[in-house]
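We just call them A, B, C and D in the order they show up, numbering each chain from 1.
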């Protein structure tokens, strides 16, 4: 496994929607090694506060060495990152974790909710590049409202995907949950659902898939200190008892392996 | 970014912890460096003075439910709950990789009773490649109502004696800072035969989420580590250095060579780098490189010249 | 920048510390707000819940030689050495200004012996305008070889009793965090008659200047304060809240309303803002404004709804 | 006393010499209230690290509301300040402390060493504005070398002062200490020496003045936490015993009041 600790240049910082920022970084080594579903740990400030790195899914990579992350400003670390300007350098650790298991499944369905949309773009691009896939994957994206969702959909549309949209307030697309949209699709055990989003959303998707015997992979979020399996801070309760570690065993898991009742 | 390549052949960075010779004073702190392999992409592991591995118990432990960690001002709280693979799997699965590194491997042990510590020491004494044992006495003694071994000089001495009696390995006792007078525990374990002490383990702390009105850790309380605790750690190392004559290993908030050498001035003959390795996986090498530069610039005969060289008055 | 003008007439922010009624739970911490006058250009002093003044001794004290302070990661060390004008000049020079503020004045006292504490309480009981006494027991007891009163439950109780017997004022005992079990001291002073406890005082720490190889403080060791210590303070407040039934005042690293309310959830009925006032002289008002906003947004009947409202399990 | 806690705009940041930076801030209230020798406490970073404000002498004020500080990058706080860019806002506390006592003395002599030059510019300008002063004050400035000294002299020359320069390495002006230059002047008890610089320099000036019965004021530096008399951290040992506080009793003191042997 190739992993790197590098200071990389920030090429562009874009405010995609209110409080949602996309950073484009020149990180050829990490970009080349990354697979969809992996993440990077980013140092958000030069000093000792905030102290720990912050984990972000790899949103997209390009063949010319660029790597993007897409995040929402929720606290001190993301605030600092949002203030970084082109030309500054950021310390990155990555690519980290195990990405999505990309099988031969003919019918892939990508479901992203809120910031869980971030890793879905990299995954969608990956399917595009895989010429053997006959049916292009279906993409379901959900968010609170159109202001948040529409800007995030753009890249998927640009890649030629048809996006099934859902918003909590009905201001765009389906008025309701992504699971309701997912239900309308003709899922079979030949399909695979790839999902990332808030825990309640992923729990609902898991139950739906379980009932219909559809394989389902989820990318989970936990607090993380190291991102590399050293601190054991990122415990994820397992159905079989005990814990897995989101950073080194995940962040992508077979939904059936996890304990969802928690 | 290539690691700084410092020529260090001609420099004398050796220190000894009792019988244990280290090629330099920079080691990893238990629980912050996994079983070393996690860092192989980032760190030239053979350069480390020693590797101290995550605390090992007799039986495997699953650890605490999440959330287990929370960031605080210049520090972090953890309540991992001593998750580990247990001594048997440690020896069979982890030791082969570790002992091939060419670096002394120090095994941190923890138990619920004096008997458990004794058995752990016996098992490890048989395992090839273990260079020393570090006894984590910050664990609750279940037979004494859950009071931590490390907060009571007598219980600390009892554990130390049991470990010493059941193995020939150098025994380092790791002291808890959550005590009124750390020198009393240090003296007690010295008398009980400890070859060295290491300090500090984490301070006990807590954080609350105002939104949910719940503790930030499922375990309610946890251990505070990182730069925030460095002043407390340095003070305790200094106090213990006045009280005992066995070697001292300084721990707590060390992230730079300056930090490390402050601990040595206070009386430590070696240091452990903990939380800093999460932020910068190369923190140990960073500390070592800075130390090399300092020793050269100051034209010290050896890094040992720093130990206890604090000027007072 | 005008201070935020929050309408707070209709909100119930009152809390009581025994007999002492405060219009809101935000006070200054001893030694970090001088004698209040220093802040008059910045702070609407009449808005404070109470003013706790710099520790006062029987005789004036010159304090320690410099350097007396040093910044650490998210915190600072101080070894002021209890510099103060002495109780007589305090009463004649400082109290007139303080008692005109229309805010309860709490006088922090410190001594070398039980007798000194007793005399201080007697003198202050006669002084008009003193609302309560806060007993700093983190000072060394010269008759007991310099061990701090606050590290021994019996000595702490003796001081508390002496102060209680010599004045009718509410007595708050300020606990030291440098102990193995803070609840033992808390229970001892509760039994000895303390009307409330406040915690925490500073953790003992140290820092070293690598260049000069000298301690950063002339006094070698000093007290660590600021955001760095908040997790330890919060844990101790929580522990003490489980152990005693007298009111608790939370102190340690408080800089925002969120910080303050975390302490209240843990069991504090009021808080003190210390080091934060150095960085932002308006820190107390900032905390108060944030609390007002929270109480209004959450539609709480009173701020007292927060006290001990931590959800566990 | 008018003191203010304000967020003020950074108008300009200039690197004057290697590692020496001048910030021009729009701070009309503080500038209007300030007198020479006073200082401001500046928050160097938004987060909790560095935690405490840093003290800087007021280098210059202008009638249109600008205030300047001049500093050397020596640690984390000054590093951050040096990175601040025009348009950013900085939190200032000031004006703080007691400035120079500006008597009727006909023969003022200003001696600045290293960054102790900073407050001397404001003081020199003040004398210019005072029309009753017959003899313009003499200005002695010292530094390690010409690279450091020459850029700092400019403003004094612009104001029309003749500057007596000294460098440690002789690369500009007198080769040696400012005290040696001071000795060559015809000081009398009618003169007043105003001085700011490293402690050994000020001690030497004090002894020189004491021997010649020349009144001497010095501006001292100590570590400071609050800058306003609250923490008692800035103790300065007094000749009479006990301590004064640099922030509230100083930073300017009568040299004879202080204990210099320390």
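Here is the rule we use: a residue touches a chain if its C-beta (ideal position, glycine included) is under 8 Å from a C-beta of that chain, and two chains touch if they have at least 3 such contacts.
Owing to the predicted nature of the structure, the values given are computational and were not obtained by experimental measurement.
Visitor: Both chain C and chain D are touched by which chains?
Guide: For chain C paired with chain D, the chains in contact with each are A, B, in label order.
Visitor: Any idea whether A-B or A-C has more C-beta pairs in contact?
Guide: A-B
Visitor: Just give me the whole-number Å value for how far the CA centre of chain B lies from that of chain C.
Guide: About 34 Å separates the centre of chain B from that of chain C.
Visitor: With chain centres taken as the means of their Cα atoms, state the distance from chain A to chain D in Å.
Guide: 54
Visitor: Using Cα averages as centroids, what's the distance between chain A and chain C in whole Å?
Guide: Each chain's C-alpha centroid was found; their separation is 47 Å.
Visitor: Tell me, which residues of chain B touch at least two other chains?
Guide: Touching at least two other chains: 73-75, 226-227.
Visitor: For chain A, give me the residues that contact two or more of the other chains.
Guide: In chain A, residues 48-50 touch at least two other chains, as defined above.
Visitor: Can you tell me, using the touch rule above, whether these chains form a line, ring, star, complete graph or other shape?
Guide: Topology of touching chains reads as complete, every chain touching all others.
Visitor: In the complex, go through chain A and note every residue touching chain D.
Guide: For this pair, the touching residues of chain A are 45, 47-50, 76.
Visitor: How about chain D: which of its residues touch chain B in the complex?
Guide: Residues 48-49 of chain D touch chain B in their complex.
Visitor: Tell me, which parts of chain C touch chain D in their complex?
Guide: 1, 31-34, 38-39, 41-42, 54, 62-71, 73-76, 78, 80, 83, 226-227, 255, 275, 277-282
Visitor: Okay, in this complex, where on chain D does chain C touch?
Guide: That would be residues 1-7, 43, 48-53, 91, 93, 222-226, 228-237, 241-243, 248, 262 of chain D.
Visitor: If we count contacts the way the header does, which residues on chain C are in touch with chain B in the complex?
Guide: Residues 72-75, 77, 151, 178-181, 203-208, 210, 212-215, 220-221, 224, 226-232, 234-235, 238, 253, 258, 261-262, 265-266, 309-312 of chain C touch chain B in their complex.
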